[in-house]
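Here the chain labels run A, B, C, D and E in written order, and each chain numbers its own residues starting at 1.
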Amino acid sequence: MVEVRVKKRLPKFNLNVSFKSEGLVTVLFAPSGSGKSLTLNCVAGVVKPDSGHIEVNGKVFYSSEEGINLKPQHRRVGFLFQDFALFPHLNVWANVTYGCRRRELANELLKLLQIEHLKEKLPSQLSGGQKQRVALARALAAEPELLLLDEPFSALHAGLKEELHREILRIIREFSLPTLLVTHDIDEAFELGDQVVVMDGGKTLAQGEPREIYLSPGSKRVAEILGHRCFIEATVCEVNGNQTVVKTAGGKRIKCRKGPFKRGEKVLVSVLPFSVALNPAQETNRLELKVKEVKLRRGTTQVTALFEGREVELHLPPSLLPNKLLEPGRVATFYLSPQLLPVLKEEP
Amino acid sequence: KEVWVFCAMGMRDLAKDAANHFKGRVVFNFSSSGRLAKQIEEGASADVYLSANKRWVEYLKKKGLLVESSIEPVAKTQLVVIVPKDSKIKSLKEAKTIAVGDKSAPVGRYALEALKNLKLYGELKNRLVFAPNVRQVAVWVATGNADAGIVYLSDYLKFKKSVKLLKVLPEKSHSPAIFYGAAVKGGNVKEAEAFLNTLHSLPEREMERFGFRRP
Amino acid sequence: MGLDPLALFSVKLSLKVAISSTAIVTLLGTPLAYMLATRDFPFKNAVDALITLPLVFPPTVTGYILLLLLGRKGPIGELLYTLFHKGIVFTWYAAVVAAAVASFPIFVKSARAAIEAVDKRLLTVSYTLGKGEVNTFFRIVLPLAKRGIVAAVILSFARALGEFGATLMLAGYIPFKTNTIPLEIYSSVSNGDFERANLLTAVTAAIALVTIYAINRLSNRSKQW
Amino acid sequence: MVEVRVKKRLPKFNLNVSFKSEGLVTVLFAPSGSGKSLTLNCVAGVVKPDSGHIEVNGKVFYSSEEGINLKPQHRRVGFLFQDFALFPHLNVWANVTYGCRRRELANELLKLLQIEHLKEKLPSQLSGGQKQRVALARALAAEPELLLLDEPFSALHAGLKEELHREILRIIREFSLPTLLVTHDIDEAFELGDQVVVMDGGKTLAQGEPREIYLSPGSKRVAEILGHRCFIEATVCEVNGNQTVVKTAGGKRIKCRKGPFKRGEKVLVSVLPFSVALNPAQETNRLELKVKEVKLRRGTTQVTALFEGREVELHLPPSLLPNKLLEPGRVATFYLSPQLLPVLKEEP
Amino acid sequence: MGLDPLALFSVKLSLKVAISSTAIVTLLGTPLAYMLATRDFPFKNAVDALITLPLVFPPTVTGYILLLLLGRKGPIGELLYTLFHKGIVFTWYAAVVAAAVASFPIFVKSARAAIEAVDKRLLTVSYTLGKGEVNTFFRIVLPLAKRGIVAAVILSFARALGEFGATLMLAGYIPFKTNTIPLEIYSSVSNGDFERANLLTAVTAAIALVTIYAINRLSNRSKQW
């Protein structure tokens, strides 16, 4: 269990985060410069908050009310810093074993992270991704009671990243190691996170399970941060068991994901690119849209279409191509799945 | 026009007094006799050289740097044993540390000579502490770190406030402590001789005030 | 309790000497320290050792060696004499030379260590951004080594202010001409005039403290050089 | 036009790269520790190669034969270092304008990269993503003739990354600025790259247009590096105009992407996860596979199925769910599109 | 051309004095430099300035002040006398004290600058890895400030080896007891025995060079402390 309530004023930046997570892995998800690293620094005791309360598994790290401020060396955190912060004068082995006495553990970690052969090298002789793995090994080798990972896989290639996702999850679960993970990769958040905390400009905006928060982000800002791109203004006209039915400005009725809305409420519908269903089904929405642009991407075909004058981006499986209907200028029929059309409160 | 006087530390105050009586402007360079000799050897623009013994005068004479006709003794002083003001010592033998000038400083040579002649050297040899010049001896005694020290009478007079006179060393126990003066070749010889004259013609009483006598 | 004219002169002189010496040492020592820190050249270690010598030699020896070099008969002295028709021995320039030589090793060693501590990659980055070595030196090396170089300047200034042995040998004690504070203090002590010596010591301390404070302030204020 | 041929021995690492690219943006794609950064360092003149030839738009940077080695300050490259290497004593503005005298350009770049408000801050007061953008601005502000970008967007969130992709491309095209780009993100390589150079262990393995090299990687190693995961051994049994037909060990005939193969040749078929076509079509392969695991991901449903005892990973659009047929243990029918089944030479 | 017994003794003594002094200065100066570099405490600037003073004062004045403090009538001297029934003035300990006081400011200033150049974040990282301040000091601060601290050690050693003025004042010139090389050189020069002075000067230079070389080698070899 991790509880973080922290206030900290910096010149031109105010941090005011607050979250509590029962899950093992809590992902901090936020745009660049939102205070993620700062939050981790407060938890690790590297930065002293102005006020607040930080507690991990019942151990109070910091509490302005109770006057507690544990020294960093007594917090037992394993911190992977965003810029690695390896000790430049120590070789890989000395860096990794700096905080631990168990050689076997260190050896195992090096093997796991595929940096065994680099034991003797100095940080200045490592590539970016190698440094990142050494930093990860160092954090894990200290046998921490809390893991703080600041973008731990950002410098790794896909294959290795996937492998390490699995391994790290295994370690975290094996030792029931509470973890705060910062990532910019929404798929990584899905893959690793039990809880996702969405932040912006130093504040916590929302929190929830990855899938839940992604499909019901609640507000437009949270949706944007999570990667939603197209929003359509509409009015709720029907609320039933598992759907919210809305009416757009153009009068089109669209079946959407359910949510806590009242009839007549002004809302936004987020059109997720992969909401496209390929077959008509009973529930799907049928839309005739004018295709504006078709782009081949790697695992998908990206179609930009116009819905009531607004650009909507839709992703189709590449196996559909070549598809004569999807040429710029033509009008094509799309079926959108209501479950992938979240409804958001319209903000003032 | 000014006269440059390179003066041994031992007769500093006397020379300054002479300068007050001198018509022209005097520029002094004080140091130990030896160091001054070496500066002159290196071509320092000195006009007058005042040494605490004959040795350094001879040294420069041999190198042909002095106007030989001008070399003459200018003053004479005595050697005395001083002890800290609050000392209860009655004789030099009771002192555990005795400060003297080192062999190079004329004052040290005189002192060693005297100790040897007084048959004290063998006994006191291991209690001697050597100072680079005569004033240092006085400072050590004045601060109570040396139990006794051998200096010129002129220095005793200067440090009277913090030291007391134990005894005056017998005249015969050491070669006379005579200061020499000379004009330097290549310098302003005429002015130099004028200054030396002023020094020679100082009244006896005035010299005694500083602890000196006419040689 | 005031300063007599001679003491006052010595204070002014000492300031002049210490400032000139520090300026010379900084101007000559900084490029040398940079070379020693960043380049490999033949006899580098020899140069390094040679610079350190004036620190190891008792000042009197240093003074003596300088006298041999700069005196009227010395190789450099003769050259100066033919060029300018006067020597520098027993002038205030001699005091500057003595102070500079005495503080040079301290400056170079400290400045070199400071420059060596600068991340060499940043120099490379500067080159890739089109800046040559001189530009890079002034905009990257110097600012990043600032603390260390400021410390070196302070040490040099202090050492110059206190230089005694070599000055006495090279410049002599000439009232109203080469009587720097240390020489004047020495003279006072030899005169048994302890009060004057104490006063001059206090003045030295004051100058040193004020200067160190000023240098520190100045270097802290200007974040960028 | 960029030509790079470089050899460089380091302790325990040999760099031996060689490529030539006419495209504007050349992507270096390789696993961590393959020598990408090292290659950029050689091009920038930061590291001196042992031998080789480096030429950009007719300007020879380095040539061991001709004895040319241009100083870094005369190469006019804009280098975004992987670890940013900002000048720690200069604020953002001074960092960005360090290599340029044109204030308007610097201002424009700061605005574009959304770091205008940080002008006065020192690097130590910036977040990771902010540092990265400052480094990018600094590289661009020097008005370089060659752009070297070492993972320029790795610390940014998706929304900003997409925006910057567009902007950077615009700049690169506007100034016809040849660019070497290192990235670990295959989608970024697709988005930005005109040419992709695949490297491994210090050597160049392959080169080509992104889509082309992705779908015809030629060798298994290149395919792996580009993110292919499932390979099935087979023998070519028919080669026609636009297909290669192979037969698996289990005797199943599979229509695959065309390639330079001869009948009877032993090959590997790479099963791309998004090769799943949703409808049966004339050309598609019909496979009955036993479902082993079904995982909900964000934009996709990941199905692990067994094909002749080997695990195959397939991605289905999420809009298909819930789908009773896709339960672990059941056998389901999948249609795989031949165009997304590249055939590779089997290596010894 | 060999060394007479007295000269030989002075060489041994000087080595003993310089090594002892450097050891003391390093042991006391390093923690102080660390405090000055990383902490804020009241009168920090005053402490800093106070340390610098021995550098500013002419060595004779420093020696004189030490004499007043450590002499038989001085506050510290009296204490030593009641405790050990002997003083240190005119013993080789006095030479060590003089050398240590003279080199302390150089050491602390240089070491402080070196420690200040260490990236403070790495200390934090070490704390988060469970290491306390002492551990961190030895495993992070010291190795990273090594170059600067080694330079400081070399400067201190050189300064100690060359210390003359204060030594002469505090230890006196006592043959076979306190005659360090600089004092012996001075004695030779004043005797007009220039050959012996030159020989001793050469010996000093040799010792300095060998020591500096050795310290540099030693510190380069041990990548980790």
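The rule is short, and it goes like this: a contact is a pair of C-beta atoms (placed from the backbone, for glycine too) under 8 Å apart; a residue touches a chain by one contact, two chains touch by 3 or more.
None of the values given here were measured: they were computed from a predicted structure.
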Hypothetical removal of chain A, resulting connected chain groups: one piece
Chain at maximum distance from chain D, centres defined as averaged CA atoms: B
Separation of chain D from chain E, taking each centre as the mean of its C-alpha atoms, in whole Å: 59
Chain A-chain E separation of Cα centroids, rounded to whole Å: 58
Chain centre separation in whole Å, for chain D relative to chain B (CA means): 91
Averaged-CA centre spacing for the pair chain C and chain B, given as whole angstrom: 34
Shared interface positions of chain A, touching two or more other chains: none
For chain E, residues contacting two or more additional chains: 64, 186, 189
Per-residue multi-chain contacts in chain B, two or more chains: 35, 38, 139
Touching chain combinations (by label order): A-D, A-E, B-C, B-E, C-D, C-E
Chain E - residues contacting chain C, complex: 45, 48-49, 52-53, 55-61, 64-65, 105-106, 109-110, 112-114, 116-117, 147-148, 150-152, 154-155, 158-159, 161-165, 181-182, 185-186, 189, 197, 201, 204-205, 207-209, 212-213
Contact set on chain A toward chain D in their complex: 10-12, 30-38, 82-83, 117, 121, 125-130, 133, 150-151, 154-161, 184-187, 190-191, 210-211, 214, 224-225, 227, 229, 272-279, 284, 296-300, 315, 317-321, 336-337, 339-340
Chain B residues within the chain C interface of the complex: 4, 6, 9, 12-13, 27-31, 35, 38-39, 42-45, 133, 135, 138-139, 158-159
Chain D to chain C touching residues, read off their complex: 44-46, 71-77, 79, 81, 85, 87-90, 94, 98-99, 138, 142
Sites on chain E touched by chain A in the complex: 121-122, 124-132, 139-140, 143-144, 223-224
